[in-house]
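Pasting the structures here.
One chain, subunit A, links the two complexes that follow: it is found with subunit B in the first and with subunit C in the second.
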Partner chain A sequence: MDKNYACYLCKGCGLGEALDFEALEEALEDSDISEVKDHEALCSPEGVALIQADIDGGVNAVLIGACSARVKTDEFTFGKEVLVERVPLREQGLWCSEAEYEDEEEAGEDRQMLADDYLRMHAAKLGKAEIGEPFQLEEDVEKGVMVVGGGVAGINAALAAAKAGAPVCLVEKEDALGGYLGKMAKLGPQSPPYQELQDTGLEELVAEVEAADNIKVFTGATVEKTEGAPGNFSVTLSNGESFRAGAIVQATGWNPYEAEKLADELAYGTSDKIVSNVQFEEKAKAGDLGGINGVAFIQCAGSRDENHLPYCSAVCCLVSLKQAMYVKEANPEAAVYVIYKDIRTPGQSEEVYRQAQELGVVFIRRGEDYPAISGSGPFAIETQDVTLNDTVEIEDLDMVVLATGMVPNNPSVVEPPLVALGMDQDEAAKLAEEAKAASDDWSVLNLEYRQGPNLPTLKYGYPDSHFICFPYETRRTGIYAAGAVRRPMRVTQATEDATGAALKAMQSTRAAEAGVAVHPRSGDDTFPDFFMQRCTQCKRCTEECPFGAINEDAEANPLPNPTRCRRCGVCMGACPERIISFTDYSVDMIGSMIKSIEVPDEDEEKPRVIVLACENDALPAIDLAAKNGAKWSPYVRFIPLRCLGSLNLVWIADALASGIDGILLFGCKRGDDYQCHFIKGSELANVRMSKISETLDRLVLESDRVRVEEIGFGEVDKIPGILDEFMETMEEVGPNPYKGF
Partner chain B sequence: MATKAYDKSFREEVYDKVDAGEEIKLCMQCGVCGITCPLRDEMTYGPRQIWSLIRAGKRDEVMNCSDIMLCTSCYTCKVRCPRGVKVIDVMHGLAHYALQEGIVPRENTSKFGKFFWNSIYKTGRIDETEVPMRYSMRRGPIHGIFETLEMMDIGRALLSHKRMHFKLGPGIPPSKKIKGIKGLKKMLDKAEAMSPGKEA
Partner chain C sequence: MGQAILVVGGGMSGVSAALEAAEAGYDVVLVEKNPYLGGRVAQLHQYFPKLCPPYCGLEINFKRIKSNPRIQVITMAEVTAIEGEPGAYKATVSQAPRYVNEKCTACGLCSEAVEATVPNPFNYGLDEIKAAYLPHEMAYPFRYVIDGSIVEGDQGAKAKEACPYDAVDLEDQGSETVIEAAAVVWAAGWSPYGPAKIEYYNFAANPNLISNVQMERLAAKGGPTEGKIQRPGDGAEPKNVAFIQCAGSRDVNHLPFCSTVCCLASLKQATYVREQLPGAEVTIYFIDIRAMDRNEDFYSQVKADEKINFVKSKIGLIESDGEGNLILEGEDTTSGERFKAEHDLVVLATGMQPNTDLTKIPADMVYDEYGFVQAAEGIFGAGTVRRPSEVHVSVQDGTGAALKAIQLVAGR
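Take a look at the complex of A and B:
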């Protein structure tokens, strides 16, 4: 595109007094920007009108030297035809740069250099940016949603999507809809005053599905193959049917934790009167609960136990309360015991607990040890009683119920450790093989993705991508998890969950239609562009993409699927040939920003440090720290990255070669409890950095010069400390020997 | 405590026969009552464990435990209980029930209670001289004289401030009765007949 540049500098918020605007103008001398204007308050209606008038007069690339790009977004947006680049003179220049000085003149000089650098850096980026067209699928964008799983979550997801106008294909492997809801006798109390058991309501739900004219139900069928991308999935079922879907909701529910595994601890299998809670429910459904005079429910049967199911399923307590109510309803005189570790009845379900107590259910708190069950009916139980600090015995039990937890009905996928990437290839293959062996070898969706047929899972086999921040999102764009396959949950929660996931699914078809990204960069209309002529087919992008967006074509070239892409730029960081770029974000752009920093000579004793900061968490934290009045060295320059995973090692090399003394990388928390918006971005950056220290050694540079830090948005207070400490390290290490070359 | 099987008969006895006994069903063993009790250092179990013992069916431990008579009715536990259990009502109910069953969990408290009650039942009021006098004589006149002498200073101060009137001995002279004492007795008898386990 032909660019017609203009730069606008703001004198508001104290910038006017602190900076020399003539010098700023001079800083842009080497760029293409010749027109520089300033204004007392650029965000005021007059200021915005000044810019708008120039845009109307033909300007289409605007550099705004004012506040951070995170604020005043409404004021400084001028439509799709105008490139806007914001220079954070206020947050990252003025507010944070009043470190202790004796000499005011020197302070002013350092701040001026900082502002000059920022202006040059962002001008360089603006110079390379382009306005692109959003990606459009060749085919029509399909708006329909496929729901896999016809239980309570699946049915509700189908109904929610259908009500919102999307055609739905509902696939259920059993011959009838219902899932576990169909196996339940009753539901526990669901509404105030939380005292009465309720009907499951399945018949009404199924009737509603049958009455809806835009829901197609396929029972007795599983998904044989899913290929394509959001807006254009093609699905083949085991019964030979095939159809297109725009997005997918996976609501495949749960399996009970296998009680057989509790044979040693809880004598399961020694008698048909020692049953799991699911079996007890079946008995209740069959009306087979007569003649119970004594029953004990053993909570956390396998749950919260490192040897079995390490997590809490959050429903077993309520299930046992409900089942205790069944017994009390059939025989109010029955002695009902619940032997628990903790009763977990969040929210209104506390009322259900109260109701069970009112009915005379006796609760005994045990410790970590399992109770010992003896006899072959009637049974006796010996258990620790924490309150009495003693071992107690319960006799004459006609039945013992083991409250087992929920396991997601989804294959567990163990990913090979990231360090395997770029490792010794044999070793990497071995690790990948081990991971594959640890994964369950079946599939729900049978995805035709290069990274495998399954949704990647979190550590317990749940296919969520980030449980708290991004509910329903899996690591496969356009595929959303709902209900107990996402996390253990009860019927009411699954009903709500289903609606959320259905709406997310529909949202992703709309995003595919508009050619924009879904969460977390929703609305971003750029997408990675591959300069294929130079591709060496190393496949790193296809391996490292956290969302499996890149397949492989018949000639073994990477085959991007832009509607699966979330625009994190991990592929761009991975590419050793640097052929992947976005219209407003590329290896070259960030490289040019780094190169446009002016590095003073060694004898001036003004070191330069760049911070490559994740713009999701670290950058807002930096802005906030500055706003809160934190101060740090004026020798630090921040460069925002879409994700630390988009870090390309060439930037490190460029920076060190141009005389930058130190490089800090700010990313999100990594590991099992990661907070990375793109799942493994900060993990990948760390792996890449682990490989750079030998390069530094080869260049006779100290590896102290580059450091990765994890910054959460809540860790605003840590930022000045980290920067101060790094500046001290730089002082110890001394200036970069490559200065001036 | 020796290991002993859970026995539902005692908890059902408590639910049926003890005043406010059913309240303890709602206890969720959080322990706020126990830690909040100003007399916790004096108690063997504290309210929370008492409830557990009842559920476990340990009749002897509960009925013979002085805890159920130590409650001073400060009401802190009842105010703080997240489940709204009327802890004090149950405690007094248990004490009362124990006495009914011929068990005396705490000799002094039960004697004091008896003199206190008799004073109200017979005269319709608490006689501030009569009740302590009878209480101090509970182990015979010789012991009573020594115990009274120990309290001499307090007694003198109370007399000089007219907080107490002078008596030669219990019932000398007899305490004054309120007007309508017959009516009050009728009411108290009726209430006694209505208490749990005594309904016709």
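Take a look at the complex of A and C:
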């Protein structure tokens, strides 16, 4: 694009008094920006009008030296045809840089150098940025949604999407829709006053599906192959049918925890009257509960047990209460016992617990030990009763029901540890092989993805990635999990969950059509562009992409799928040849920012430190610390990164070569409880840095000069301390010997 | 805007509903009663089970809102009337005066100029805040508020005089506007059940007896003590902290239902205490510990801490020992014995009362006997107005409600 630059500097919020604006203008002398204006309050209607008038006159690349890009976004947005680069003079220049000085003049000088640098850095970035065209698939974007799984979640997802206008292909492996809902006799109480059993409603749901003219149902079929990307998936089914889908909802439900595994603890298999809750439900549905005079339900049969399922399946207490109600309805005189660890009836379902007590169900709280079941029918049970602090015996039980838990019907994936660049290839291959062996070897979606056919999973095989804040997000764009496959949940919750998942699916086809990113960079219309002539087929990008966006051809060339991409820039950081760029974010842009920092001579004793900081967590935390009045060295310059995982090692070399004394990397929390919105960014940066000390040694530089820190909103108060301490380290190691070269 | 979706409530469910609808291509008006978005989660120190800061996710959501021109946010406003039918509603939005307009740069000069203070609602009244204030450090919108109490008089004048940007508007009368919308998502959230209503706990008489929501603010860096867990009564470091579960919950005289999150909230708060005060003992008095699904792992982890004790008991009485400590009386249902236990800080795990129990939706709606909204056509409840729920369920439910609303728009 032909750029017509202008720079606008704000004198508000104390900037006018603190900075020399002529000097700021001079700082831009070597840039392409010759038009520099200032205003007393740039965000005021008059200030914005000043900028808008110039834009109307042809300016299309605007550098705004004012406050952080996180604030005043409405004021400083000028449409898609105008590049805007914000320089956070207030937060990262003024607010944080009033550390104690004896000499006022020196303080002013240091602050001015800081502001000058920020202006140069962001001008350099603006100089390299372009406005690009959003990515467009070659094919027409398919707006239809494939729903895999025809149980309660799948049916509801299909209906929800169809009602909002999206065509749906619903794939169910059994011959009929319904899943476990079809095996249920009744639902527990779901609506006020939460005391009556209810019909499952399955027939109505199926009738609705059949009546919908934009839902195509494939029963008795599984997915053989899913190729492509959001907006353009090609699906082949086991029955030979094929179709396109724009997005996918995986609602494959759950499997009962195998009661056979409880043979030792709970005598399962010794009698057909010791049954799982699923089997009991089948009997209820078959009308086969006659003649029960005594029954015991044993809760947490294998659940909350580290030898079986360590988690709680969330529904079993309510299932047993419902089944107890079946028995009481058939025979009010029947003795019904529930032997439990904790009764878990959340929300209004507490009423169901109350109702069961009203009906005379006896609740016995056991400890960790399983009750001992004896006899071959009738049975006796001996169990701890922690309420009575005694052992109690129950006799004359016609049946014993084991409340077994729910296992997600999704293959569990173990990922190999992240591999540092330069690691022994055989060793890497061995790790990959071990991970594969530890993963389940079946698939639901059979994705034709370079990173494997399945959704990456968290603990226990759940395919979600941020289960608190963004529960629908899997690590494969355009594919959303719904219902018990992503978390144990009840029928009503699965119904609601499916509705939300349908919306996420529809959103992603819309994003594919517009050529923009989905969560978390929703609406971002840039995408990674690969300069293939210089690719060395090293596979770093295809292996490291957290979202499996990049496939590979037979020669190991990367085959990007921009509609799968979340725009984190991890591939850009991974690439040793630096061939991956976005129009507004590239290795060259960040490198140019670093190189535009003016490094004072060694004898001035003014070290320079850069902080490459994740813009999602670390940078807002820095803004917040500054707003709170924290102060730190004016020798520190922050550079925002889309994700610390987009860190390219060449920046470290660039910085050290240009005389920067120290480099801090601020990313978010790593590990099992990671906070990274791009899953592995922070971890990847850390792995890449593990190799940096060798490089530093080679350059005869101290490895203390580079450090990775986990910084997020939880560490706001620690930021000044970390920076102070790092500055002390810089003093100890002395100036970068490459200064002035 | 006749085809817009009106979302009432800017907490987790409302923000999710608004964003998910807008990102699917629909226009949204988001109305929030507070001067900021984020609702109750903005007041939490950490989420269970990951012990991560809520602002990590909120920041992304706010960024999504800022970059999406389809969402119009109206803060300090309530919907006072809804007329019409599914597909064609007219809602009256009454906005209270903020006395600070959009020219505010959040520079803070007004706050510096004002001496008057008011109880800080963000910290549940545990401290006072200047009467010209930023609602909290991460507030979005990032704009100050002037408390109505100082508008007339010298304090208001001082604030106005201090502002170089003409952002203080003492003449602000608020506004009343009518918004046309095809569908409404009602995500007005919840209020903590008032601990003073539980008479036998003598809440008002005991400064060292606090509620769980107050505990969040005590642990938060932006809270009244800058994150230091201390006794409100005397500022002392607690050594022996008690959590009382189901304080007013699962109790037909108070909230008969289970609020779903309080067990996990107390487990989480126990970790706050243990991390900050390694010498302190914690006792959790409970009926059932309800740590559903993968949260069970978190329970296991907390249980492994030898200084966190679990006692199955319903505490029936709390009295002061006269010197700031609290005497709890209850029955240990494990041993069957009545006991008395002394603690120096006691946290009541009070439940979630749906805001629709306190203020009804101004339309013909059906509620259960606790005030939770039931399914309806055109006006969709979302989040904790439908059931007590965790954060992820609020997100899920807000997303689902958004699609139900979209169906009405798309169907036209």
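We take it that the second predicted complex is superposed on the first by the 733 of 741 C-alpha atoms of A that agree within 3 Å, B and C clash if a C-alpha of one lies under 4 Å from a C-alpha of the other, contacts with A are read in each partner's own complex, and residues count from 1 in each chain.
As a working rule, contacts are C-beta pairs under 8 Å (C-beta built on N, C-alpha and C of every residue); 3 or more make two chains touch, one makes a residue touch a chain.
These figures come from a predicted structure and were not determined experimentally.
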{"item": "Fit or clash between subunit C and subunit B when superposed on subunit A", "value": "clash"}
{"item": "Partner chain(s) touched by A:Tyr337 [first = subunit B, second = subunit C, both, neither]", "value": "first"}
{"item": "Touched partner set for A:Cys469, first subunit B, second subunit C, both or neither", "value": "second"}
{"item": "Touched partner set for A:Pro192, first subunit B, second subunit C, both or neither", "value": "second"}
{"item": "Contacts of A:Gly671 with subunit B and subunit C, given as first, second, both or neither", "value": "neither"}
{"item": "Subunit C versus subunit B, contacts on subunit A by residue", "value": "C"}
{"item": "Touched partner set for A:Thr387, first subunit B, second subunit C, both or neither", "value": "both"}
{"item": "First (subunit B), second (subunit C), both or neither touched by A:Val71", "value": "second"}
{"item": "First (subunit B), second (subunit C), both or neither touched by A:Gly291", "value": "neither"}
{"item": "Superposition clash, subunit C against subunit B - the stretch among 163-171, 307-315 or 379-387 that is involved", "value": "307-315"}
{"item": "Residues of subunit A at both interfaces, subunit B in one complex, subunit C in the other", "value": "343, 354, 365, 387-388"}
{"item": "Touch list for subunit A against partner subunit C, complex", "value": "12-14, 40-41, 43-45, 67, 70-74, 160, 163-165, 191-194, 304, 306, 310-314, 342-351, 354, 365, 386-389, 459-460, 462, 466-472, 487-489, 493, 496-504, 506-507, 510-511, 518-520, 522-523, 616-617, 620, 624, 627-628, 668-669, 673, 675, 677, 712-714, 716-717"}
{"item": "Subunit A-facing residues of subunit C, complex", "value": "19-21, 23-25, 46-47, 50-53, 55-57, 59-61, 63-64, 66-68, 103, 105-107, 137-138, 142, 164-166, 221, 227, 250, 256-260, 288-297, 300, 312, 333-336, 368-370, 372, 374, 387-393, 395-400, 402-404, 406-407, 410-411"}
{"item": "Contact set on subunit B toward subunit A in their complex", "value": "1, 3-6, 8, 11, 15, 25-29, 48-49, 52-53, 55-56, 83"}
{"item": "Residue ranges of subunit A in contact with subunit B within the complex", "value": "335, 337, 343, 353-354, 357-358, 360, 362-365, 380, 382, 385, 387-388, 390-395"}
